[in-house]
Amino acid sequence: MSADQSKLGRSQLGIAVLGASGYTGADLVRLLVRHPAAELRVLTADRHAGRSIAEVFPHLAAFDLPVLTRVEDQSWAGIDLVFCALPHGTTQEIIAALPGHLRVVDLSADFRLADPEVYAAWYGHAHRAPALQADAVYGLTELTRARVAGARLVANPGCYPTAALLALVPAVAAGVIAADDIVITALSGATGAGRSLKESLLFCEVAEGAHAYGIGSHRHMPEIEQELARAAGRPVTVSFTPHLVPMNRGEFVTAHVRLGPGADVEAVRGALADTYRDEPFVRVLPPGVAPATRHVRGSNLCLIGVFPDRRPGCALVLSAIDNLVKGSSGMAIQNMNVMVGLDETLGLEQAPVFP
Amino acid sequence: MSADQSKLGRSQLGIAVLGASGYTGADLVRLLVRHPAAELRVLTADRHAGRSIAEVFPHLAAFDLPVLTRVEDQSWAGIDLVFCALPHGTTQEIIAALPGHLRVVDLSADFRLADPEVYAAWYGHAHRAPALQADAVYGLTELTRARVAGARLVANPGCYPTAALLALVPAVAAGVIAADDIVITALSGATGAGRSLKESLLFCEVAEGAHAYGIGSHRHMPEIEQELARAAGRPVTVSFTPHLVPMNRGEFVTAHVRLGPGADVEAVRGALADTYRDEPFVRVLPPGVAPATRHVRGSNLCLIGVFPDRRPGCALVLSAIDNLVKGSSGMAIQNMNVMVGLDETLGLEQAPVFP
Amino acid sequence: MSADQSKLGRSQLGIAVLGASGYTGADLVRLLVRHPAAELRVLTADRHAGRSIAEVFPHLAAFDLPVLTRVEDQSWAGIDLVFCALPHGTTQEIIAALPGHLRVVDLSADFRLADPEVYAAWYGHAHRAPALQADAVYGLTELTRARVAGARLVANPGCYPTAALLALVPAVAAGVIAADDIVITALSGATGAGRSLKESLLFCEVAEGAHAYGIGSHRHMPEIEQELARAAGRPVTVSFTPHLVPMNRGEFVTAHVRLGPGADVEAVRGALADTYRDEPFVRVLPPGVAPATRHVRGSNLCLIGVFPDRRPGCALVLSAIDNLVKGSSGMAIQNMNVMVGLDETLGLEQAPVFP
Amino acid sequence: MSADQSKLGRSQLGIAVLGASGYTGADLVRLLVRHPAAELRVLTADRHAGRSIAEVFPHLAAFDLPVLTRVEDQSWAGIDLVFCALPHGTTQEIIAALPGHLRVVDLSADFRLADPEVYAAWYGHAHRAPALQADAVYGLTELTRARVAGARLVANPGCYPTAALLALVPAVAAGVIAADDIVITALSGATGAGRSLKESLLFCEVAEGAHAYGIGSHRHMPEIEQELARAAGRPVTVSFTPHLVPMNRGEFVTAHVRLGPGADVEAVRGALADTYRDEPFVRVLPPGVAPATRHVRGSNLCLIGVFPDRRPGCALVLSAIDNLVKGSSGMAIQNMNVMVGLDETLGLEQAPVFP
């Protein structure tokens, strides 16, 4: 397929994707080939260096794309911005070694936790680029847009934190949800676990079943707590329990919360609706309507529903995203658009694919 | 396939299944054709009267089974026990009209709620057989076995209540879990919704997606509260939120609880382990091991795991069942075995089908 | 989400979609909301008239779209082209009643069979608009482009015929495949059966299973034969057997063919490659590479592979499409683009969604 | 769960399963724990030696089973029969080294091909136990029962050959199907590929997609040809194309055949019906009824349907099995029962699990 016609005659932003052979990298490429102001100039995948992306991801074979290379072989000429979709832990040193003029959106967990001690406690080793960490901006675009705009390095949020924080932060900040005693359960499709070869990710181990995992220990927990604490103005401890369900894409968050003093369910909905009124990608649903992951599949949308709980003084806040788009690659592109001053929706306008 | 050889020469219990064309009815038949002491003599399905079960459920075509009939056409000769797998609301009058010598296991919700006012509040009409209701025994076999043994009418529990109550009741009764502030989320496969023609149950509406439903209003909530209140000795209000996930069978419950005074996670596990030590169908898993629905598929097993929560003084109790077996037809047969004095495991010994 | 920015300042083609509440209608809308030169002005859905599309298809709620109406309530002002996505049989009279200035792409089967007697034989009633039938052009764009360009009424091909004919017609026309003795098996996801309420389409009836259907009687058979006969210059009889497999989207065709006199596998690949060399949506794969439906999901692509068969003098031609896009709505938009002289790829450039 | 009560007081057959950590091994165990005359005494899994089966297959945790060991550590005391569920190629030397008094059912491909040259051509190395090969009996129980009865070593058929040969052999032997020009397409769930760590078997690579594989090169082809040749009395070449579809269990075969001289579709059905009239596990369906994999799931059944083809003088024969049961472990147990003179249905009576 030829290049996007709407790109003709524009000066393009030169893009590198590091780690293009994972599902997150693939979805970055899927979205960026249609971005009218960005051009994919470098794709790295160390294990597959020298191969075409068509060999690794045949669904992208129809597009003219650079051959896969190794990170260490790049000159970075013609590159303006780097998406880093590498495994957690390997990213810090690679980003630290990049030329200073490159802007970076990091999709790993490496720069999400502002406190190096919290990082060390959850990841088992000292942070390897603490100086960079201090400059990294947490890129939950709708809620941190002003800081993203001037950032050189944006830490793209985790998929579960994205769904949970979009649903909770405005209400916690407004005081209509109590910051303590938040119980979050979440469901995710299998792409959330990446493309690594683990027996637990084989089709036959995932299909026709469901279970909780990472119980009490999932690394997205401190990230959720950090941002809720920022909103509440004091430390927050949450309960967070993810579940794997047999689907490719999609993440669903069910948050059980206590209402703040004097608040009711409509106050929660109101705080969310006020925050997202003009947002193109976040929709607060009317009373009685629940979100569903199939209604956001393949898109950058986040749907949020608010419901009364049977327990007096409590409420449920539900949200649905596509973990690979709003929960990863789509949010990364949204951050890129903000960082370089483009219209925030460029490359992200496609409608959900249902069924 | 010829009849079970082990049946030869035994005096068989004569069985009728009312509502044999639904998924619950089918699973009753699947299990009863292998039961060494029971014989299927009547299968009713009003819409399909006159047809063979092979036309309605081709997977059962290999077995010699009676032709489908209408309830009103039965003489009940040769029948000792009736499984009633009819829709909620239609069951009360049918059971009230059955000859008094027939024992009944009702798989609908009609006799589960002991208080007729609670029934009326949740089902929108006065109970139509309140006298029978007073005699009905709630058949959560492991926990109400003594009362089941002498019962004429057993109300088989709902699928979600089964998974939730097996995981919680012994710990609530022992005081190691606080009876208030229990937050239950649950996942179910699509068989939980039955075989009715609803757009929301079409393959394309369920596959590749997940969502919460019945939020704050699911009719299994009062049933869970009733039995937890019985264990706690005082009224209980729970939060219960079910989710539909794209699989056929399986139900997963994640219960967030506060520990009772002086209790810790091991006390919860201990209370459960003590209760189920000699139970053939309920297994309390070792520390760190989570249940999964795929490990009980097609079987009457219930797996329970206990985990610390990140919130101090809290814990998670997780359970997994096959909603059609332990959550419905299997439990019904287990109740039958107890009612008539048979070995409780008869007809229920098959191993889970994985993958 | 606001309208596509690239639409600003253009004179838009006014579009009506008749039958917008089915899966085909939904995918037309999904694609057309991003089409830079077309504007959705009328959406009909008789049963849902008066409701917003968000109630029928929540995944489209983010877009500004007209309220659903009834066909008979339209004035057709501002409409240039009508997509007709109504059930087979109901379409003929509706199209016959449309104002003559409207161009029409019909996605039903009503105008695909050129011979009214063949239509009557397969559909059980005389054609109700035989005059229109005579003018209808079969819109397999890549192969009938010239006729589509001047057409007022285009009959959009069936999904199976699309996948089969793109794989076979150029090779039959070139004589490298013998037109007789073609055996076609095909696999389809459940969207191929539409959104109608049938027990056989419930999630639990489709998941975890596979089977053939419409054996020897599927109505796409005469359509395949008609177009192969056109290519061969003589009547053709094929064997065609579709299978339902548990996925939402995707169609896979496996055609077993005899080679023409003197031809080999490379001659077949060559005939296809020559035909599709400059086509943006059809790719002939290199030797040894098989197509897969997941590599075209959500896109207008068709992938074709050619393989030697173990039987001497025989070959296999395999093709994969998304049945809702290239097999239906995408092809319809491609036909529209050709009919009105737009760039053929407009609105169809999105990359496949994998996973 | 305690041992099968019906086992009490019987003298049990001592069983070893070599390769108990694969899906085939797991299904052998699932079925054998309920076998009234067999006792699992040895389970090997070299990589997992020393672990309980509960760690490898939690769904089997409820049963009292031996700890996993290494093949080389066995004394074979108390063992009467060995099921060998090891990878192709590794099996020959292991079986050759077993004590001569042990009966063996080999579930690998190692002893299926009677001609060592054919084996070498398809497997790329000379057979390592040609003497044993000469004595091996091909164990398609319904069709080779007499030879299985006296065998020491039975080669259990491949899953695709089982479904194809049960559907074709009696009709080829009767001359009502022509032995040449047989075109077989087949669909399989992912368990057919085993539990090995391959990227192509990850959930996200299999779900929501379908494709052909092993085109013209699948190793089950010579096995099918060998047995059809035996039935026809002369060499046979078939076309065989398998497809992977997103389900766990199930195999569906669609065979396109030419009718023999003077034969019609009813003659084919008749030949099959005559052969299987008294068979407990094979059912020939009435005219117009197609088999489906979901109707045999988890069971040892094989369903066969016969249909007219649109091509004159041709027919379709369709069959459905559970690839792990009738296509592997169930057939192996059926062979065991015949080898040692037990009732052939022991351990195999369970009904299919639907949905």
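The chains carry the letters A, B, C and D, assigned in the order they are written, with residues numbered from 1 in each.
By our rule, a contact is a pair of C-beta atoms (placed from the backbone, for glycine too) under 8 Å apart; a residue touches a chain by one contact, two chains touch by 3 or more.
Computed from a predicted structure; not experimentally measured.
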Repeat of interface A-B, chosen from B-C, C-D or A-D - more than half of residue-number contact pairs shared: C-D
Pair with more cross-chain C-beta pairs in contact, given C-D and A-C: C-D
Inter-chain centre distance, chain B versus chain C - centres from mean C-alpha coordinates, in Å: 46
Interchain centroid distance [CA atoms averaged], chain A/chain C, Å: 35
For chain C paired with chain D, centre-to-centre distance based on mean C-alpha positions, whole Å: 39
Sites on chain B at which at least two other chains make contact: 23, 190-191, 204-205, 207-208, 246-249, 292, 294-295, 297, 355
Chain C - residues contacting chain B, complex: 23, 190-191, 195, 197-199, 201-208, 246-248
Complex contact set, residues of chain D against chain B: 1-2, 4-6, 23, 26, 29-30, 33-34, 36, 57-63, 190-191, 207-208, 248-249, 280-281, 283, 289, 292, 294-299, 301, 303, 343, 345, 349-355
Contact footprint of chain D on chain C as seen in their complex: 181, 183, 185, 187, 189, 204-205, 207-213, 215-216, 221, 237-241, 243, 245-250, 252, 254, 256, 290-295, 297, 307-312, 314, 316, 318, 320, 355
